[in-house]
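Listed next: structures, encoded as structure tokens.
Both complexes shown next keep chain A, but they swap its partner, so chain B is in the first and chain C is in the second.
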Partner chain A sequence: MKKHNSFSIEGQKARWGWFFVAPAILFFCLFSLYPMLNALWNTFFNVKLLSLKKPEFVGLKNYAYVLSSPDFWSSVKATVIFTLSSFIPLTVFSLVFGLIITTRKKGHQLLQMLIYSPAVLSSVVAALIWLLLFDPRGIANSLVNFLMRTPGIDHKWLTEPAKLYMATAMIYFWKYIGYFTIIVATGVAKIPTSVLEAATIDGASVRQTIGRIIMPLLRPTTMMVSIVAMLNCMKSFSTQYLFTQRGAPNAPLNVLTLNIYKTAMRDRYISRACVMSFILFFFMMILTIVRMKTSESKE
Partner chain B sequence: MLRDKSFSNRMSNLVINILVAIFLCVILMPILFMFTASFMKSSEIFSMPYRWIPKEFYVKNYFNAVTDYGRNLTFVRTIVNSLIVASATTVLSVIVSAFAGYGLSKFKFRGQQVVFLMIMGRMMIPFEAIMIPMYIIAVRLHLQNTYTGLVLPFVLNTFGIFQMRQYLLSFPDEVLDAGRIDGLGEFGIFSKLVFKNSTPAIATAAILCFRGQWDNLLWPLLLSQKEMMKTIPAYLVKFTEEKYADEGAMMAVAVMASIPIIILFLTLSKYFLGGSAMYSSSKE
Partner chain C sequence: MKKAVTVFLVTLLAMTMIVAKGQQESATDLSAPVTIVVWTHDDPNRSVLEKELIAEFTKQNPNVTVDYQTYPSGKMAELLTVAFSAGEGPDVFNQSQSVIRQFVVEGQVSALDPAWLGYRSLSDITSRYIEGSLEAVSLDGDIYGMPLEYTNLCCYLNKRLFREAGLDPEKDYPKTWEEMMDISSKLVKYDGEIIVSRGFDFRYATYYLMEMLPMVEQLGGKLVSDDGKTAVIGDEAWLKFFNYMKEWGPNGRNLGGPTYVSVSKVFDLNDGQVAMSESGLYQESRMRSANPSFYESDDWMVIPYPQWKDSDLRVPCHVSCHYYMVNGNVSMAKQIWGWRLVNFMLSHSEEYLKRVNLVQPTHELFESETFKNMPYSDVFKTDLEHATLTYYSANSSAILEKMKQAVEAVMLQNQDPESVLKNFRRQVQSILDEE
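Entry: the complex of A and B
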């Protein structure tokens, strides 16, 4: 049966199919599957980098250590606050601006390009620009003081925890708002004009058109935007890293990715870093599954 | 759609235009700041109110940035590194993605569904979750401070594979059959017919990959301890640590680090925008 198969046209085509997917499978196994299993394995051992001795089995000790460490929970707190304070404004405002820019017909292409431009810059560049804007002598202070008529006050953007949360969330918002606005605008543009015309003929007001027709049709896009934004925020690293390297206080910036990096590279606790990686992975996986489910339900 | 000649509509039109203008100002102001500040001395950057046009163009910032105050050309080396790593990753990942996308869309074989699900499942694994074991593997294989080590982990581009597959699903089978009748081998069909006619999907995947690599800080930070093997984001971080008070030079480095990607954006903007638009189109 098998032999017959390999000589038939179907069999030959099947072999070519395997040939074309083979590189992807190879890279998947080497650089995704193996590291993943390795990470899981590491969490149960006491792994030392560059040590030739066989790592010692410690069971769930690493999990116990991480879950009872205040440092880890402060990281969770920092990640959650940062994620919430960036992705909620991102979702809300990308919807608003997405609706607005689709009504502008003139210079559509140029408008889209300008809005998108911050997403082109790399995260480190973005963080660096805002580091200077938030400097005690910088534009942020001068602007806020001008608007609130409080001359000469330093708002301590880079030293007070609450302000640091605002500052980092602001950077993220700035960098990605255009990106998500364009996703929303594309979603709006996909709504058939006939539906909107029918609504206008039936005498629906602008508010009704938006609330009753556009928003429900846009729900999958909205879900998509909010989850992708949330996933991106949870992975944020560059901004926090640059800020701490410039001497900003650690606690509000110590997001999980930064903590993993430091635990592994500075303190050399590979196993603990792997445990934290897994916890991060777990939450991101749940979000990804939700995202896949919602995009399926659109079909 | 929402257009009418009545007065209230013209008013709301005006309000919307003002909103768009404010939005654009907020978005563009920091970028403008980066460019103008790169031509200023630090004292001028922080003299409020900010002058949006430099008093005199202090070009020395750029000299200091490129030559590290006349000491060395590490900056040039890192930007070349970034170009090499980003280009190599892009080329390899586009080939692997096009291969896999073609194999998954135009062939039928046992286990195909499993392969597809496996690759899609990869989307759920954030790089951050596997970077530590990846680092250990790289150390064992002596890939620290090498281009190979910087490139290999990012060749598998799940999003690119998915996109190629979706694109090729609607690629006409007749073209492939015509190629077979004309005596092209399977590989010839792929390279001469499929690859050449998939420019939109390939360009979008390539741009996404290149931009991701240009932005990548975490992996090079782990892998490249040697100055000479750093990439541009890592160099930027180091420069800001060392030259704590020379903000003008920092901005000059930031501008130069952005120029390659800005040129790419200006010439291929439709693929940048298409990449983000894909989120709302891939599920139809």
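Entry: the complex of A and C
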């Protein structure tokens, strides 16, 4: 029976399927799965970069060290604040802009280009541009002082913790809003026009069409956008890195990824960096599952 | 009889070791073609000189080719750490004392055998250098690097800006940290509370241990005890320093800070952005390239690193030393040729000084007319006579980061110096305990 199935059309399709996905699976195993498993293995040893000594097995000592380190918990705090202040506006405004772009007849292409253009810049370039704007003598101070009629006030964008949270979140929003807007716009475009036409014939107002038809049909897209935005925010690195390089205080910007980088590259404690990476991975997985479960329960 | 036998055996052992070392070199085929990969940090002027020296070296040794690669200075430590960890480090590289110490301690670099350079003993090489300059590359009697540049910071001063503020630069220049703050207050210009022109400002970035730790040491404080076991000694000194930095920052007298453009980048422009900037002798070469008319003018001068008013301890700015080192994991032939290349390049110390303003810490150079004729070289030399190397250890980069965070906490986040000191001590002690 099995032999027969392997020669069936489905069997042949499955073999071709495996053939086509094999390079991707191989690539994933080699460049993602193996490093991940290797990193997990390293968490149980005292691996130190540059050391020629054979690493010793230390059990869960690295986990105990990291979890009892105040530096780690301050990084968790910085990551949580940055993630919440970035991913919520990203999710909400990508929906708003996505709807505006798909519903507007005039100027939607220009709007689309304006929103999407920052996404083509590298994160480093984006952060450098904004660093110039947030310089004490930069445009940010001039603009706010002009609008608020407070000439000569230094709003300390790069030094006060609250302003730093706002500044980094603003950069991230500006950089990625276009990307998520396009995903939402694609989701809206996929909604069958017949459904929207039927709603119009039945006399639904714009608000009713959006609230009762588009939003429920967009739920899978919204969920995807919120999960991807949240995961990306938790992995944010370059903005915080460049800000600290430019003299901004470390504490409010020391997100987990920056801490991982410093622990591995500056302090050379690669095992502890692996522990933090796994804790971050664990958090991200849990939050993704929770978000997916929440969305499923609503359905 | 016993004594004679012991002496005979020790002599025999020593001779065996010497012969073995000689055989090791003779067993290495030094005539075979070899390519030496050199990694060094970006410095356009130095690159030109070193490429010329390499061309001369390869002409004298036709079987040797050199692949000379430059990288941004801020990225070098990271690149080297990754490359060496993966067993792919360059054959020759350079870094400052705070970075290279970990390579020495971890056994990643080659110990110099004087015979490779045609010397009888290591002292023939070490005697070329001024006392203390090889400390960071010395371990258990061996030498693991040769100094490329030996830099202390003094204060460059713009006389025109002093005169415009009604000050006489020759008389009113700041000698103490207290005067530095007062004079900077007279020179600084604001648009509201935004600084548009600074009097003096620190270098910040990676200079905390080099330029700020001496301020603490002048007051009797220490980063680490002499036995290397206890962190942050002398609360009074540290608190005075932290209070000074707090006063300097935006929450105090607002005289500058790390978020403003680095003063050393703008001093040469002579456009009124800064009146005083700390830098090394190398800055003269940069000034000559960036703004020749300013360099040739009488509008600038160099003054010594300040002291506290009540400080009896003479502690000038610490010295940063970059060393060329050879990878200890490559073939013996590469190690020998690597050392010969390094020795050849660095034996042209006057060229480095004349063309790039880099000072190598050799007795010969300090006594040379070339050095004496450099503008204000006497100011740098006088400070150097009392200076020591910037703190180095296998974990000095981590300690530097903790000091940076402590200064930022008082200066930018307006935190209480006492709690900052407590936290700083805990962090540094934790690093020391792990060494």
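The rule we apply is simple: the second predicted complex is superposed on the first by the 245 of 299 C-alpha atoms of A that agree within 3 Å, B and C clash if a C-alpha of one lies under 4 Å from a C-alpha of the other, contacts with A are read in each partner's own complex, and residues count from 1 in each chain.
What we mean here is this: a contact is a pair of C-beta atoms (placed from the backbone, for glycine too) under 8 Å apart; a residue touches a chain by one contact, two chains touch by 3 or more.
This one's a predicted model, so the numbers in the text were calculated from it and none came from an experiment.
Visitor: Applying the document's definition of touch, where does A:P249 land relative to chain B and chain C: first, second, both, or neither?
Guide: Only chain C; A:P249 stays clear of chain B.
Visitor: Of the two partner chains, chain B (first) and chain C (second), which one does A:L67 touch, if any: first, second, both, or neither?
Guide: It touches nothing on chain B or chain C.
Visitor: According to the contact criterion defined above, which of chain B and chain C contacts more residues of chain A?
Guide: Partner with more touched residues of chain A: B.
Visitor: Quick check for you: in the superposed arrangement, does A:R268 touch first (chain B), second (chain C), both or neither?
Guide: In the superposed model, A:R268 contacts chain C only, not chain B.
Visitor: Quick one: classify A:P161 as touching chain B (first), chain C (second), both or neither.
Guide: After superposing on A, A:P161 lies in contact with chain C but is clear of chain B.
Visitor: Considering only touches as defined above, state whether A:I182 meets chain B (first), chain C (second), both or neither.
Guide: Only chain B; A:I182 stays clear of chain C.
Visitor: Of the partners chain B and chain C, which touch A:I153 in the superposed model: first, second, both, neither?
Guide: second
Visitor: Per the contact definition in the header, classify A:L280: touching chain B only (first), chain C only (second), both, or neither.
Guide: After superposing on A, A:L280 lies in contact with chain B but is clear of chain C.
Visitor: Report for A:R137: first if it touches chain B alone, second if chain C alone, otherwise both or neither.
Guide: So A:R137 meets both chain B and chain C here.
Visitor: In the superposed arrangement, what residues of chain A touch both chain B and chain C?
Guide: 49-50, 135, 137, 245-246, 265
Visitor: Which stretch or stretches of chain A touch chain B in the complex?
Guide: 10, 13-25, 27-28, 30-32, 34-36, 38-39, 42, 47, 49-50, 97, 100-101, 103-104, 109, 111-126, 128-133, 135, 137-139, 142, 174, 177-180, 182-184, 186-187, 190, 193, 196-197, 200, 206, 209, 220-221, 224-225, 228, 231, 235, 237-238, 241-242, 245-246, 256-257, 260-261, 264-265, 270, 273-274, 277-278, 280-281, 284-285, 288-289, 295-296, 298-299
Visitor: Chain A touches which residues of chain B in the complex?
Guide: 1-2, 12, 16-17, 19-20, 23-24, 26-28, 30-31, 33-34, 37, 45-46, 48-50, 95-97, 99-100, 102-104, 106-110, 112, 115, 118-119, 122-137, 139, 152-153, 155-156, 161, 186, 190, 211, 214-215, 217-218, 221-222, 232-233, 236-237, 240-241, 244, 247, 250-251, 254, 257-258, 261-262, 265, 269, 272-273, 276-277, 279-281, 283-284
Visitor: Which part of chain A faces chain C closely enough to touch in the complex?
Guide: 49-52, 71, 135-137, 141, 145, 151-154, 156, 158-161, 245-251, 262, 265-268
Visitor: List the residues on chain C that touch chain A in their complex, please.
Guide: The contact residues of chain C facing chain A are 74, 78, 81-82, 84-85, 102-103, 106-108, 190-196, 204-205, 250, 257-261, 395, 397-398, 401, 404-405, 408-409, 412-413, 427.
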